[in-house]
């Protein structure tokens, strides 16, 4: 596959690994923001081969993992209604709510359908005028343009039976929350390549300046990740802290203006809770008033559905990058992908699942080594 | 560090839910399926044959030894690029018998038909079954049909049960894999699962992907004739994909398996997997077998497989080790190792 | 937020003011909304697609340029490694 497969070349990967090991005069601590990057890193064993030069801390870049318990419960409530066809991306189906998950609601007779694109959900609404169709609009800034277009389209088509349950989060406020934490050890960031494809990288420049951290916009294939890490390490070695772009084939400084414009029309900035972290002001997107008719939260009576994030679960510490999954006592024994305690173990690119599924041999935790 | 005992008392936001219903994941071939079998089915049937969980059961019949196997087919949609449920129904049971080392001979077929099923569709399915049975040289000797109300079946469910005859000195079995064995795969992966996914509503895409449904019996016969007992284990990699098959064998034989790199996947199949965020290792096949053979016969077995169209792309993919018993690992291009675990349920398309 | 893969536009059309096209991902083809890249792409261009939407046009020139730099670097490594191996071999009595 062009512009994809060649970025997996093992020989070139080894050359980059060598460059990083040669460049680092000490061990640096980096954070990759995005779950897809975590997936590649753990799956390819990148954190292992670079161990001497770099410690990778895995950031909260998994929108599935950070969707607040309350939103999951609201989704479950809607999916259980007989008049609702509940549509969602696949990743959300196994995330546990307070009592069950969407797959279990499906088992009990709720109509839950996986879609690839939010436009498919709009089509389902068109084809089923006598049912309410709700789409679970989860994601970072990458997915917001798609969800915005779905709502826009629904309005153009005059649909009355389509709504979205929004749980969008944005990256920069989360990075600020991590950097403001006194326990923060992160010295450099790999910014999320597809988030920046939409948003550009302008909004990261003040962060690099204020917190004196290099931020490199990075892609998702092994060569992208390695090149991104190399660029961060070089900056750290030279005492620089700038925003740079590794993912040149997709990202421009201003991002995609058209996408940003439609997102600004359909959504507005709101405060959002992040599962395991708590509320981060201005870190989310909600539907703007002009599109209230498509807001599932306003259309259905969901106010009464509340859930408190418990203090005890360590998922928060994993999501904030303070502990590694295998440093949690539950990892691999009480908490496994089949019986997860927290969201990072459920989601395919949650840090805990990534370590459990790919990394068990090394840590020797809960597995034969 | 928090001790394990105090975990029991913690306020857990996600209590380990008691599942009171069957979920789709129970049919995925992953850990949930295994658990269902172990906890609900096996305790009720006192059979050593059943407990060994092979692809079929080797039973003594008046001095001879026959293999019996059964499989039920519930695929939706009923027709997909490269075949239909009828092909799967015949090939599936024929292949299970072949994986036990038997030559398949007789099949029974049982149908559950949904009220409203188009007769023309049924006929297409039956035609496929007739053709496949002829090609596999098996005889359908008995059958049954039931009809249920609209909504109680996905168009059509079919069960086939097969009987085959064993050959002397050819008893491949999951527990026979041993350290040093070479792991071979008969062809490229993930074709069936992605062919079906291509026509599933909500995920549909247009692709040059066809199901690989075919009989593996000729491949097995070739291997048997070439090297006989040097073939230790055979498994067809159906639901749950190659990864599930390898994990089951690693557990049954109490060995570790190391794959030398990513196994072969045709380009459009890889592309479809990339698009949906699926790992081809876990996607279903219907015409691929994995063989564990003595290292000294590796070349001979590959030659035997490659003589057939279904085995033309056979390759070695790894070895069996006495380290990390019960776990399957894969060498990455960087020289690292990742675990190829069994998934709990179905693999879900992801956006992240 | 991540899963975006590159594909080649093989067809473009207008669906009542809504730019859509067919994108080919190495043999798999799907309808993709091109609204966010409509004024910069043509048939034959590559785009990055996320959940059925093209979010950027692949900058092929930049991609080739930076990839070549990486490739040359790795080939240099191979040559050096081979040279080291040859040196070591010569030193063996």
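For clarity, chains are labelled A, B and C in written order, and residue numbers in each chain start from 1.
Everything that follows uses one rule, which is that a residue touches a chain if its C-beta (ideal position, glycine included) is under 8 Å from a C-beta of that chain, and two chains touch if they have at least 3 such contacts.
On a predicted model such as this, the values are computed, not experimentally measured, just so you know.
Asker: Please identify which chain has its centre, taken as the mean of its CA atoms, farthest from the centre of subunit A.
Answerer: Result for max centroid distance from subunit A is chain B.
Asker: Looking only at C-beta pairs in contact, point me to the busier pair out of A-B and A-C.
Answerer: A-B
Asker: Counting only Cα atoms for the centres, state how far subunit B is from subunit C in Å.
Answerer: 34
Asker: Just curious, how far off is subunit B from subunit A if you go by their C-alpha centres, in Å?
Answerer: Centres of subunit A and subunit B (C-alpha means) sit 33 Å apart.
Asker: Let me have the rounded angstrom distance from the C-alpha centre of subunit A over to the C-alpha centre of subunit C, please.
Answerer: Here subunit A and subunit C have centroids separated by 23 Å.
Asker: Going by the contact rule already set, what residues in subunit A reach two or more other chains?
Answerer: 1, 4, 9, 14, 34-36, 63, 89, 116, 120, 139, 143, 349
Asker: Which subunit C residues touch at least two other chains?
Answerer: 1-3, 5, 25-26, 50-51, in rising order.
Asker: Name the residues of subunit B that each touch 2 or more other chains.
Answerer: 267, 270-271, 274-275, 277, 350-352
Asker: For the complex, give me every residue of subunit C touching subunit A.
Answerer: Residues 1-6, 8, 18, 25-26, 33, 35-37, 46, 48, 50-53, 55-56, 58-60, 62-63, 66-67, 70-71, 73-74, 77-78 of subunit C touch subunit A in their complex.
Asker: Across the complex, what residues on subunit C touch subunit B?
Answerer: Result: residues 1-3, 5, 25-30, 49-51 of subunit C touch subunit B.
Asker: List the residues on subunit A that touch subunit C in their complex, please.
Answerer: Per the stated touch rule, the residues are 1-4, 6, 9, 11-12, 14-16, 18-19, 34-37, 39, 61, 63, 89, 116-120, 139-143, 145-146, 149, 153, 192-195, 197-198, 220, 223, 227, 248-252, 256, 258-259, 262, 349.
Asker: Quick one: which bits of subunit B touch subunit C in the complex? Just the residue numbers, please.
Answerer: 198, 205-209, 267-268, 270-272, 274-275, 277, 350-352
Asker: With touch defined as at the start, can you tell me which subunit B residues reach subunit A in the complex?
Answerer: 1-4, 7, 10-17, 19, 21-25, 31-32, 35, 202-203, 256, 267, 270-271, 274-277, 324-327, 329, 332-339, 341, 343-345, 348-352
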